[in-house]
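Two complexes come next, and they have one chain in common, subunit A, joined by subunit B in the first and subunit C in the second.
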Partner chain A sequence: MSERVARAALSRLSEPGDARLSGLVGQLGAGKVYDLLRDEEDVGGVFTDVATRLRGLDPERELEEASAKGIRFLCPEDAEWPRCLDDLASVEPLQGRGGAPLGLWVRGPLRLDEACDRSAAVVGSRSATSYGTSVASDIAASLASNAMAVVSGAAFGIDQASHRGALAVKGRTVAVLACGVDRPYPAAHKNLLDYIVDVGLVVSELPPGCSPTKLRFLSRNRVIAALTQGTVVVEAALRSGALNTANWALRLNRQVMGVPGPVTSAPSEGVHQLIRCRDAALVTKGADVLELLSQAGSFLSEEARGPDHPRDQLTEREQRVLEAVPAVQGASCDSIARTAGIAAGKVQEVLGLLHAKHLVENAGMRWRLVRD
Partner chain B sequence: MAVATARTISLQGATGYLIDVQVDVSQGVVMTAMVGRPDASISEARDRCRAAVTNSGFDWPATRRVTILLSPADLPKRGPHFDLAIAVATLSASGKVPVQALAGVVFIGELTLDGRLRSVPGVLPMTMAAATRGIRCVVVPEPQADEAAFVPGMAVLGVRSLSQVVAGLCGQEIPAAPPVEPMASGPLLSWRGDERIKNLDMRDVLGMADARYALEVAAAGGHHLMLSGPKGSGKTTLAERISSLLPDLTVEESVELSAIYSLAGCLSQDQTMITRPPFRAPHHSASRASVLGGGSGRVRPGEVSRAHTGTLFLDEFPLFNADIIEALRQPLESGEITIARGEESATFPARSMFVIACNPCPCGDYHPTNRDNRCSCTEVKRREYRKKISGPIADRIDITRHIEPVRPHEMLDPLARPESSAEIRRRVTTARDTQAERYVGTAWRLNADVAGPILRESWPLTEEADRHLTARVYSGELTRRGATRVHRLAWTVADLAGTGSPGMREVDVALRLRTGEPLCVSTLETARVG
Partner chain C sequence: MSERVARAALSRLSEPGDARLSGLVGQLGAGKVYDLLRDEEDVGGVFTDVATRLRGLDPERELEEASAKGIRFLCPEDAEWPRCLDDLASVEPLQGRGGAPLGLWVRGPLRLDEACDRSAAVVGSRSATSYGTSVASDIAASLASNAMAVVSGAAFGIDQASHRGALAVKGRTVAVLACGVDRPYPAAHKNLLDYIVDVGLVVSELPPGCSPTKLRFLSRNRVIAALTQGTVVVEAALRSGALNTANWALRLNRQVMGVPGPVTSAPSEGVHQLIRCRDAALVTKGADVLELLSQAGSFLSEEARGPDHPRDQLTEREQRVLEAVPAVQGASCDSIARTAGIAAGKVQEVLGLLHAKHLVENAGMRWRLVRD
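For the complex of A and B:
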């Protein structure tokens, strides 16, 4: 039996993020592990767990059926396998889950390895605010229009906003699901997922037909973090799953970024916590993310600064004289000198300079400010 | 007996008084005297009636003393519609018409010199007033018979001339008469933008999910709405579409509104009954009388009343005259407006949804939450501009929304499928039906109408939600009035979602709507699914 078929079988047998099984596969190879399980050999206690699922399993047929539906199964031996996923093998499990995926079920016209080559995860709360969704789609649109793929989870709130931001600029977007890639979940996002299948990628560790569970979402988060160079958390309340994604990104040494919200807003609390603990870099727009994730110096974000004002260029002495010039009724040179505390002769000279810069005007022998 | 009484109605604002027109024809110095505080247009009735009677082939008692009394005598009376009652009473007093025939009938109409009857403004409210006083029969100019017929249980006689009236009263065959022209022809001009508002649809509005929901809530509960935002962000686009979210008027609303239009003399002939909620958008240079009501002579309802049961859109609100802005406090709070001058005091209904749009500053570019803010106004100027919307006015606005300009990628979103007005209207209608059911047996129709104390008593929030709201009052973030308004708003949020009594979620949404904070997207999604 080929390695691919064995991996497909194992992905059906196990729950995603089973670090024990993924370790065994790493050591013995998938074919060997599958054979052992079929011989009812209890390797590392795995057999006991999967015995009921082994019955009637036909991985070859399953692969055929999947490919008839336009679903392909990727495993590490494929050229399309994103190498960045291998990082998961060397990371300590989190909450009992970890390890590299056994394989990925993929739908969509893009190549996963190319998409993930330059990519960022934009994730956040399901119960987001309109501020959050608008920032998320803004950032996603700006990343996608700079040839960076957007990876997210297809859930309500921030996830869907990220995908739609990327789709709006005809950019690349990858949805990583916690259920089979043929299942529209949540049902309200059927149109979104259908669209992504047409132009982007829908990816899952779980074989077709599987339904989502809470634990599968947590396992899914590690794939999102591993597929990308960095994770942007837009809005996340204190117990949000998006923080779990951020946690995985930290473990994987990926860049974590957070978009702040109003300090009184509950859906932003988790993000603020990340920023406060210096786990996340504060980003406010797509350009900030591009700067952090791209090759050093290739996307320098312009430093934010207020508009220039002609007065900024004046010397201290000129500013003192200018402040002494009245706005409406003019004042004589002597009076200005007294107010500014500068010698009259010097004031005369400075007023001349200010006049040349169109900051003061001369009415008779009296000086006043030029109105803007 | 040489005395006869015919009855008609005098209107003060939206209140009608039953007037007895008593005519005495007797011996004495030959003259026609009119007493009982008539105004100029009634005094002229003497000449009109005399000519009309003569030209209709009857005799005016020219050799007698004719005294015409309009009673009650202390009430000031206005309008040309007294003509018919005066003429009929005079003919009856001189024995041409049996006196008994005049009992229980109200006569409305202006006479021409050749005895034909002309249309007059206000036939519907006059007929309504007559009905409340127990009158069961009105005689009105023929083109306005349909208008009067809206009043249930009223026998309406539409007539063309004085001789037809007399024949009717004497039980003779009605003679033929040339038709009466309607009061006003249709609009003289029609232009391409004529039907513009009617054709607007929410389907054409991209993005702005927050504002769309705010509009839906305002339409469902009749709440006042303020849209602020930089120029070109879509405030007017949204406001002009709010009418499309409202269901057709109920019969009751339709009668009220038609009565107001009739008073204003702008009930058009081809469409006597108004069935769609009105959308009125006076320009910011409009005069006080035109917005609030008033005018020379008869007090006419202003735009606030013409928008009754519909929408009053005040674009560029801070540019309105300061005294108009302040005078709007009354209709904003109580849904009516009283115009008092001299000894006259007229009250008109003005329960419409106020939609106020304003720029954030005089140049219209100020946008503190946007990095690309190009405003060129000084802070002082901005403050002055904002100060025009005074605290008391702002406190009466239920929903505040800051409109963000649509971002380019929102316009390109391949999955955006903005809902059409019809889809939203369906939810609004359901929510309005729920309210009507709840308030059956009261004078209220919508959540925005309900009196505060009774609302708290009969339709309270859940205990937890109430504590949450009260805490905001104690912390000074909300006035007591504000809390009541949030309470009403929470009911509308609940009615739209179909969740029954409002709890924490509804109060949270209502507070966000009031304070202008961004909404949770789950709120918007429930709206769409539910």
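For the complex of A and C:
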């Protein structure tokens, strides 16, 4: 049995994110592990539970059937395998999930390795506010317009808005599911997922047909974090799964970013905590994310600043004189000098300079401000 | 002429925040500087402009008149002088303003040094949103309830909300003005300022009667930053004066904090920039501020977390079995074992444990979830 077929078989037999199994496969090879399993030798208690699933397993036929449905099975030996996933092999599990994926089931026209080469996860709450979905969509559109793939989980709320934002600008987007890539989950996102299959990528560790479970979401989150250079959390309540993705990104030394919101909004609480306690970077727009994820200096987000005023360029003395000039009725040079606390001779000179800058005007011997 | 009288005279003759004059006074003493000035010897070009104000000056009478109005003039030699102000003598000017104040004109029943000993500035935009004023008021109330004085600038918007928040819980508040402490500015805050004079403190570098100017606001901001252990910016557009206060706090090595808001809200832009580019700490409530400003460990803001669920305590196997148990119609142990991918014998055992935890119930041979 080839490594690929053995990996496909193990992906059916095990739960994703089983770090011990993933480690064994890395050590012994998938073929050897599968053989041990079929011979019912238990290695370190890993396999007690898989016997139930072993009956009737035909991985070769499964790969053929998947292929007929346009689903390919990627293994570490494939050129399309994103090498960034290998980072998962060397970090500690989180909430019982961990390890590099045994393989990925993939649908869609893009190459996964190329899409992930420049990519960001944009994730967040399912119960998002309209503020959150609007910001997520804007950020995703901005990233996708700048040749960055947007990776998310196709869930309600922020995930959906992120995919849509990328699609709206004809950008690249990748949906990573916690169920088989042939299953539209949530069902209401069938059209969205169908469209992503047409123009982007839908990816899962789970073989076709599998349904999502809570543990599979946790496993899925680590794949989202590992596939990307950074994770942007747009809205996340304190127990949101998006924080699990962010924790994976931190563990993997990826950039973690959070979009703030009103401190009175529960869906922003988790994000604020991430910035406050976990040193996530605060981002307010796509350009901030691009700057953080690009090679140093290759993309610089312009520091926002207010409009310039001609007054900004004045010296201190000019400012003091200008402030002493009345707005409506004019005042004499002597009167201005008294208000400003500056000698009258100097004031005369400064008024001339301010006049040249069109900031003051005079009628007879009286000076007043030029109206804006 | 005593140092105090000389400082009062110089405070009338000069503009606040004149770092060169402040430095000369620190070096030569106020009496000596005043004498030089009266003799019209110019030291380093500092005094060219003050001659206009010198005529008719009677600092002793001025101090008496102020005292009759309940206004005291604090100098560095006074016990009530807050030593934290001295930090201003050793930092570089900002936007042309700097130096330690020559003195402070003060109204109100509190001792300024004691009030500032444990204090925070809460400042922000004059054109604040209702979100901003509500958050500022909540934070100020929380600080004031925890024996921390709230220092602000009595302006419209965030400043006003901060003072009011502290007053609402009968806490201590200090208003630092850019005009004489006998002038209600803005006029609409006359009642507020009168009340602060009754129960808190109103403070200014400027002698009674002086009106506010743009430069005086910049000078005032450095006093707010210097008087406090930290500055909280609640809302600030990109050119807001509150950012000037924050810059002073950074320069003085005080803690700078920002309250985030919607990224779509202009009055939050300056705050987000402060957190993003200047490493200000993100704070969402008074407890966060108290934690940052208190001695390490003396006040710990509890890390916010969502409610615990009984499910959180389950082992991975228990979770997998629980997820395989249907919600409405029951399922047999064998069926649950197949869904979970766990041997039936194990599943029977786990279902017993889940039953003891009131998570599943059985009717005959069929198991289903207990409704929440």
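Just so it is clear, the second predicted complex is superposed on the first by the 371 of 372 C-alpha atoms of A that agree within 3 Å, B and C clash if a C-alpha of one lies under 4 Å from a C-alpha of the other, contacts with A are read in each partner's own complex, and residues count from 1 in each chain.
Throughout what follows, a contact is a pair of C-beta atoms (placed from the backbone, for glycine too) under 8 Å apart; a residue touches a chain by one contact, two chains touch by 3 or more.
Keep in mind that this is a model prediction, so the values were computed, not measured.
Set against each other, subunit B and subunit C differ in how many residues of subunit A they touch, and the higher count belongs to C. Of the two partner chains, subunit C is the only one that A:Gly96 touches; subunit B does not reach it. In the overlay built on the shared chain, the residue A:Val176 is in contact with neither subunit B nor subunit C.
Applying the stated contact rule after C-alpha superposition, one finds that A:Tyr195 touches subunit B and leaves subunit C untouched.
In the superposition on chain A, A:Ala141 contacts subunit B only, with no contact to subunit C. Of the two partner chains placed around the shared chain by superposition, subunit B and subunit C are both touched by A:Tyr131. On subunit A, the surface touched by subunit B in one complex and the surface touched by subunit C in the other have residues 131, 134, 262, 284-285, 304 in common.
Within the complex, the subunit A residues that touch subunit B are 126-134, 137-138, 141, 156-157, 161, 164-165, 167-169, 188, 191-192, 195, 262, 267, 284-285, 304.
Residues 209-210, 371, 404, 407, 409-410, 412-416, 517-522, 524-525, 529 of subunit B touch subunit A in their complex. Touching subunit A in their complex are the following residues of subunit C: 13, 15, 48-53, 96, 131, 134-135, 213-215, 237-239, 259-264, 268-269, 272-273, 275-277, 281-285, 288, 303-307, 316-317, 319-320, 323-324, 337-338, 340-344, 346.
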